[in-house]
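The following blocks contain the structures, represented as structure tokens.
In the two complexes below, chain A is the common chain; its partner is chain B in one and chain C in the other.
Take a look at the complex of A and B:
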């Protein structure tokens, strides 16, 4: 059963003014329960605008979107949607404002009107989930922590709300490899424990394709492709969309362009190496 | 609210008005505004209104969309018009219950409406057709004589440039943080005042913290490129005096003198009329 259903969704910024800009153009997409959907696309392709429709921050100007079975334009439902759809913005460390890590994580929870005991349990759980020791950081001021740690705290503040649908916008942008690993691990752990739907926008395509059940490719506000990662990567037009493709995929696509019969629908370096080995064998024969 | 603030945003273009020297536009705007503020005789108002609309036409800005974008200003326009109609003493035109509308009131109301419209449009067109960098350069050049009085004009110009540069960034950041806090259930529409205040802080604190961080980064970046606060370091200066192209200057001068002359002619009868009184 799909948890998100999007039909012919279009959206333009500054409608009716000289700067009108169409960002989403006739998008039809659905996300199944428990699925991991990856969204890729160049800068300005409409990814961030699309995901803001998922928790009712933006409403469709034409077309429709229903989340967890209800249309988001329903006033009473749309304003409660944040409880079920957790949204991690790009550079979420910017939103931190409380004096201590504990208060920061408790902010969303107290807005959900949970009781104190429940909040305390959830805060510790979420901190542990992102690889922090609750006893060490709970009373610390977030401003004293490093950028990577602050990012993890901001993500934990969403995870603590235990959303049914977790939406992440470039959660790893600008982090060192260790910080990336912590965040990826936290997302994987949360998925296993809660059986939730995850939607993630990322430029780290090699990480995303391994995690995703399906991948959607946006380009200039249009949905160019949508399906299992292997099928998407096998497309010959993939290099035309200004994506930061991993080197091994670029290599395979270039080889294919030169007339070699290679499969480009591979997910990892190892698979790519195997594919190249196979082709070399055939040439020798 | 935040979206509407983008109304006066610079719209890149290559029209006659866009190409004018920022000083010409600043002085021209100042003359128009002064003229309508010191005097609201019909010839002055109508000539200036005509001038403004001619400038809009020449600047190739989409006028209907500008007028539609200021919905909230129309309320002020109409309210002040109605207030003037009712509260001005004079020959009654018609009565509506206890309120009496006078002929003088209607004239005054119309005049006020036009003055507000000119004030608004002239400043909007100035910012819509002048890039922030050019604007700061123009201000710096206009205030240059004050350096003799030891006023730090160059630093002031840099200050203005930087503030203008960061306004869109701040607006964007405020929008993002607001959305992020909404996603954690921030009660922006709570009926309790204290709760709303706390919610506002959830947006303001990250904004201020971010701005301080950015200011520190910017200061380091400027110092590492040898900025010491003195003159001749800003890019606008180099643009104007370093890459002076005689042909371009000649055209700009010719183009900028025309509207100035026009304003001067429009302003002349004001003086003579006032003298007659």
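Take a look at the complex of A and C:
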């Protein structure tokens, strides 16, 4: 059953002015319950604009989008959507404003009118989920924490609300490999516990393709392809979309162009090594 | 340029971010700084143009001590800084004004400012957007504005703290290529901080920081080949791929750090066998 259905969605910024810029062009896409959808595309391809439609921050200028069965333009429903669709923006640590980690996580929960005991339980759960020890960080000011820790706090504040749909916009941008690993582990853990639908935009394609059930490729506001990662990566036109392709995939595409019979639909470095090794060995024999 | 030693406590507390680091950077070098979050990379960068002052020891920039106030303006003109998040350093409502901001503060003649703005815009490929406002740009475009603004100062040394973390493939590669060109053609010293080992593949030398100390100072291929085992850094995928293929018996050059080298090495292997 689809939890998000997008039909012929188009969107332009500054419509009707000389600065008009079309960023989404006739997108039709659906997301199934429990699915992990990855969204890839160059800067300016419309990724962030698309996902802002998922919780009613933006409304379709033409076309429609329904989330959890309702049109997001429905006023009664749209104003409640934030409870069900958790949105982690780019650099979410910049939106932290409370004086302590506990207050930051409790903010959304008290807006949901949960009682205090429930809030305390959820705050601790969410902190543990992002790999932090609640007793150590609850009373700390977020300003005293490193950027990577603040990122985890910001993500925990969304997880604590237990959204049915979790939307993440570049959650790993600017973190070191260890910071990235914490974020990825938290997303995986939350997904196992809650059977949640996850939509993630990321330039870290190598991480995204192993997590995603399906991957959508945006280019200049258009949905160019949409399907299982292996199918998408096997496309010969993939290098044309200005993606941050991991270089092992670039290498495979380059070698294929040079006439080497390698498959490009691989997900990991190990698979790529297997593929190149196989071809080299066969040629030697 | 000759930067030697420091020791910096962070603003409030007594966290020891750098422990008696000795480092000298020659004019025209392209140096990468690698290390985990909290290893002291940013602290080190900020000591280079006196944004932070050493709590012990000293930093000398072209013979000028960063602790002497009278040198600070000249040091900052020579050592330009590009930060991780361009939103933190863009101040003007229009892109070309943003780029002109530095040269204007140097009291340069108008014509000279125009030339520099033009040149900087061209270098980062933003000529068409010159009259737009920075807030209308994507993250990658903003980062390019920040780099252009630094370049308009014609610095002797450019320090970039994670400049590519927000960029996509094309701009990231474009900026890295451009940094290499700046370094080669104009001899500008480049100091590039990145978590991403792939960004540092073009450097002549990489230093690795761990808990405030330099634990390794070597060319990229050496660092990358040890990265996984002893340095607790993630080697570039290409280096991992080469290591895996060597294990399978493919005779690849041990100095491979980039995609092009890998591709060429594989093609050479193919030619030698056919």
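The criterion applied here is as follows: the second predicted complex is superposed on the first by the 284 of 285 C-alpha atoms of A that agree within 3 Å, B and C clash if a C-alpha of one lies under 4 Å from a C-alpha of the other, contacts with A are read in each partner's own complex, and residues count from 1 in each chain.
We take it that a residue touches a chain if its C-beta (ideal position, glycine included) is under 8 Å from a C-beta of that chain, and two chains touch if they have at least 3 such contacts.
Computed from a prediction, not measured in an experiment: that's the story for all the values here.
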_Looking at the superposed three-chain arrangement on chain A, would you call chain B and chain C a clash or a fit?_
clash
*asked:* I'd like to know which partner A:161 touches here: chain B for first, chain C for second, both or neither.
replied: first
*Which partner, once the models are overlaid, touches more of chain A's residues, chain C or chain B?*
C
*asked:* Per the contact definition in the header, classify A:42: touching chain B only (first), chain C only (second), both, or neither.
replied: second
*For A:210, decide between first (touching chain B), second (touching chain C), both and neither.*
neither
*Partner chain(s) touched by A:185 [first = chain B, second = chain C, both, neither]*: neither
_One more residue to check, A:248. First (chain B), second (chain C), both or neither?_
second
*When the two structures are overlaid on chain A, which partner does A:277 contact: first (chain B), second (chain C), both, or neither?*
second
*asked:* A:258 in the overlay: touching chain B, chain C, both, or neither? Say first, second, both or neither.
replied: second
_Of the candidate stretches 97-105, 205-213, 223-231 or 259-267, which in chain B collides with chain C after aligning the structures?_
223-231
*Residues of chain A that lie at the interface with chain B and also at the interface with chain C*: 19, 90
*State the interface residues of chain B toward chain A in the complex, per the touch definition above.*
3, 6, 9, 11, 61-62, 65-66, 68-69, 173, 176-177, 179-187, 201-203, 205-206, 209-210
*Which part of chain C faces chain A closely enough to touch in the complex?*
36-38, 84-85, 136, 138-141, 162, 165-172, 195, 198, 233-234, 236-238, 240-241, 244-245, 248, 250, 259, 262-263, 266-267, 269-270, 273-274
_Residue numbers of chain A touching chain C in their complex, please._
19, 42-44, 90-91, 146-148, 170, 173-179, 203, 206, 242-248, 250-251, 254-255, 258, 260, 269-270, 272-273, 276-277, 280-281, 283-284
*In the complex with chain B, residue positions of chain A that touch it*: 14, 16-19, 52, 55, 57, 82-83, 85-87, 89-90, 92, 94-97, 107-108, 111-112, 143, 157-158, 161
